[in-house]
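Structure first, commentary second.
To keep things simple, chains are lettered A, B, C and D as they appear, and every chain counts its residues starting from 1.
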């Protein structure tokens, strides 16, 4: 009944092929853009149909494998091109194709007039294709195909302005860091495949098969190894410590790319993967704790950096890293639904924020271009007071900011609060819970602060753009604003599908739709958790209290931002001059990039150079050439036996014959 | 008269004389003639054995050796002429380029 | 046509005879004849592909007496199986591309050049189809000669050094192999074997000490050709100096001769020694992977970089072979093909820009994407195939190799080798970025022309194969499987020895026993896990 | 001592003396003429060995063709015998080697054992059928291929000789 599922990735692939092969000939931007957007939109339609079919099934049967063809078989190893449709993948399908469609539409406006317009849409379609493979693949290998595929598209799109060195560098950095993660993913796959096959004769990498046999896995031990490997993969793709540094640099790409790939979809692949493998992760307490702690640290750490950045997209990038940290907290504390929930809401509001910032940059760029100024169009210090020029953008941006800050009633509140509550109350990590929750809460405060700092600096206050440019500022065309409106709407209401039970009860028993919907996916993990962990009872009043605290934190953050950037803007400057070292460190992202360069990149290069010049050329070739030289030297000595006098040759020849014959005679 | 040994002794002596000639003379043409002498010594052995064994194969061999000698003479003498054209000499001492 | 293999193998020689009758100056005719010959050879090889039955037997066998000299009896014994099938096809597939690739680059001594290429093709095909050790050796050596001339006459500045190095390296290896081969033959005569047929030697029970020496001799010959660390240094020089077609053939086909030699001869002939040498060879392979990657990273010459990447890729192949299980060997053989296609394509690409700019230094380029968009796309795809991106051919092979390695006794080696995927991305992408991205600031690059129709025509088949092998490799794998199983059966040794030699005590067992056997004894391991819930 | 032995001894003396003269004569022409004499002696031996055809060929090819060629060359090059220039060198070393060779040959003769006759060719047969016919039969049956190949050798030699003698080396 899901026979048409293969159409979902097929449409973007067709779009990619058309735009990639013929785009240069088509030339007409509208046609190219429409093809791109239509391809993704068609996928969206099929996804919706699939979703409707899926929820028409009883919840126990909501997991369907659709095999297309056998990919490779060698010995015990078998991998198919096959899709898995279950609630989780279906949700991801909707998010990817839905937001993907909006961003494609947005891009038609945003990329207008860019060189290589067709190339952009081809890559974007290819990205959607890969992402769809990632979320629908029914085995680890196919997921890995998507996993690497999105990495590739990310590389291509970050390096879209390839003539800029920084863009090329950023693309390469993203790809290589992702590769480090992929290394972990591969090792995890191998270990999983080998261990299960070797010990239980089940040679499989298919998710449903693995989940079925989840009980064969022990607690900890090999599972910790496997899951840590997978988690390394997730940190690469989802920009967590220690592999997060590529994401801020990835902002070199066009803004729609940042919205689609580096906020809404690709970077959440790690979260999705952990959700997909939840039955395995839950069996390793060590890994769960690692995931949660890394998530919490990343959430906090990235948030601190976010407070000091002036580039509008960089702030959003660090915010993304930080929010991804939240999702990992959710995963790490066993609140898989909450993690996925945050993934979804984050996709809405962060996509909206990025697209909004894109609209701002677009407008700024146009205005600055008009007056031939070379000011940075992305620097917030050049903005301010934009709300009167771009009211719609401002409105959508504000809604999303409120959502991310965690103000009640907006989507971010529900998902973030759920994660924080679970971090506090989960039965897995004992006293470490306090650390996780503490970091999470602190990050929430910082988030509210830097996001509103962003809003205030960009849209409020006096207009700091170079004089004469402000009259060129204008609201963006409809093709850009429309996606913003849709996303803002989703950011506003998206949270209501996952209202916590506590609140739902208050409002007349609204169920947590999302939790029910995702239940079959995480059933195995939840059962295991129920059986193994001591569920401490927490009172409703505590939960209410923490929820209240979250709200307070959000407002405090907003208030601080208001005080510092609206009421008395001189304070930040004073602060900066009071603690110059601290500010410098934060502004320079704690010098992590430099540290990596110093510790890994440079040693590798010097080692390579040493091995080449030292070992290859000196030792190996030295030996080879040395042998040659010895032979030559020897020959140099004995060549004087070649006198050039024929009688010498004749004599020695006769002598040789005599000796040989003599030998046989006297033998 | 059918004494094989006599012929072989003569052949050995002729061969040795030829060898000495090749090793001691400087004139390339004389050396060449000494080589012919050595070949003839061998030919004599062939014929003598052929006669003794009652088999004609040895004589056929001699026939081929003569052919080769003829070819050799043609090419060798041509080389001497070429050499002489270049060096105005037929001394093998002057052909000393094939050295280190 | 029962003698289709012979026909295919010696068709290039017919081409050579035709070339002899074409006057020296008429380059167009010379090139056309060479091209037509290689294309016809390719077409002639297709019936082999279609007529191939998927089983473990040698097929299209021709076995007639050839040389009988005293105690030596060499037979003209040829045939193919799943292991050589794809290599043969790869050879006939690459050759027209190689001929086309130097269509304009070689202007000097075209006749001799084309004759070299065609003789080389016969030699390579002959080596792949020989089932007689002596015949193999002759073709093996015959390969060297045209390649020697190709590098030495049509090569770059430092070509003499490179050719001599290449020649001597290879020759030293093959001489040892010749000695081992003769020794093997005399061992055979003791048990009544009267010829050099490979199949006869499989049943020979050689004592392990002798095997060690024989294997070492064979292995050195093949290791030089592969090339494995540390006897790889001829490769960068030879590649750098060779003309494009030479590099392509060298990378795409001749290096495969080494790995092919291992799986066809060294491993099944000397099973005990194979197991004994596995740790050593795996270590060298892994060192090769990491080492070559690090060295490739700092290269300034594009061609040298690609050459070093070859060393790394072939390291993977060797690791896969010595995993000694089906996944590993399948992956290795597949990677053989993949490397042939991807690296062949990379050398073609380097050839294209070299032909335009007459430099290969990375620093001389930059920003070429702007000027040469089609080239950029093709280069990108090939680069990605080389870094084994899923969906391209490189991934399938590399993945199977790693899976196989992980399942075998070489687990730790495989883990280290896996990190090679990171390095591969670093050096390839960095090179790509420096050549293609950035500002187009060098004035000499601003007038570059994009690929012409001929060059695109060369690349298209390779690109198609990159995706076909990446997306649907199963038909390729299926044809190999029975032969691979047979090789594994040959390399399998008595279980007692397995435990002693091949497997560290920790690992439960290698692939030697089918998985079903394991379920029972390992049961205790599972039980504690299953009991845990109760304990809580 | 019968007459044939005396004759053999006589021929042998002539052969060896003329051979020595080949080696020792200063003037190449003298050497060449001595060599012709040696060839005649050898032809005599062949005749004594019941091989008249070989004797004839010896005279025709060697004495007739090859020696004429050599003498012709000597005349053509017109080499003057330079009295000051030594015509030989390394006489001691060369002679020692020659003597050693002779000794070795002597050892062969004393130590070697001669096979018994294996073929069916007897003096009677040769007398009855004729030596030429016997040789011809063997030559054109068993040795046909080498015989034909020889013709190619001669052709190549002719071409080579022409090219070598014609070209002036730079």
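FYI, a residue touches a chain if its C-beta (ideal position, glycine included) is under 8 Å from a C-beta of that chain, and two chains touch if they have at least 3 such contacts.
No experiment lies behind these values; they were computed from the predicted model shown.
Trainee: Quick one: most central chain, C-alpha centroids?
Mentor: C
Trainee: For the pairs A-C and A-B, output the one whose chains share more C-beta pairs in contact.
Mentor: Answer by contact count: A-C.
Trainee: Between chain C and chain D, what's the gap in Å when you average each chain's C-alpha atoms?
Mentor: 60
Trainee: Using mean CA coordinates as chain centres, what's the gap between chain A and chain C in Å?
Mentor: The mean C-alpha positions of chain A and chain C differ by 36 Å.
Trainee: For chain A versus chain B, what separation do you get between their C-alpha means, in angstrom?
Mentor: Chain centres of chain A and chain B, defined by C-alpha means, are spaced 90 Å apart.
Trainee: Please work out the Cα centroid separation of chain B and chain D, and write it as a whole number of Å.
Mentor: 7
Trainee: What positions in chain D touch 2 or more of the other chains?
Mentor: 89-90, 93-94, 97, 101, 108
Trainee: Show the residues in chain A shared as contacts by 2 or more other chains, in ascending order.
Mentor: 647, 651, 654, in rising order.
Trainee: Return the residues of chain B touching two or more other chains; collapse runs of consecutive numbers into ranges.
Mentor: Where chain B meets two or more other chains at a single residue, that happens at 19, 22-24, 26.
Trainee: Would you please name all pairs of chains that touch?
Mentor: Chain pairs that touch: A-B, A-C, A-D, B-D.
Trainee: Within the complex, which stretch of chain C touches chain A?
Mentor: Residues 165, 168-169, 230-233, 236, 291, 294-299, 325-327, 330-331, 367, 369-370, 373, 380, 384, 389-391, 395-396, 399-400, 402-404, 406-407, 411, 414-415, 418-419, 421-422, 425-426, 429-430, 433, 436-440, 471-474, 477-478, 481, 508, 511, 515-516, 518-519, 522, 525-526, 528-530, 532-533, 536.
Trainee: Where on chain B does chain D make contact in their complex?
Mentor: Answer in residue numbers: 1, 4-10, 12-27, 29-30, 32-34, 36-37, 40, 43-44, 47-48, 50-57, 59-60, 62-64, 66-75, 77-82, 84-86, 90-91.
Trainee: Which chain A residues qualify as touching chain D in the complex?
Mentor: Interface residues on chain A, with respect to chain D: 647, 651, 654-655, 658, 661-662, 665.
Trainee: Enumerate the contact residues on chain D facing chain A in the complex.
Mentor: Residues 89-90, 93-94, 97, 100-101, 104, 107-108, 111.
Trainee: Which of the residues in chain D end up touching chain B in this complex?
Mentor: 2, 4-5, 8, 12, 15-16, 19-20, 22-23, 28, 31-32, 35, 38-39, 42, 45-46, 48-51, 53-54, 57-58, 61-62, 65-66, 69-70, 73-74, 76-77, 79, 85-91, 93-95, 97-99, 101-102, 105-106, 108-109, 114-115, 117-122, 134-135, 138-139, 143, 146, 150, 153-154, 156-158, 160-162, 164-165, 167-169
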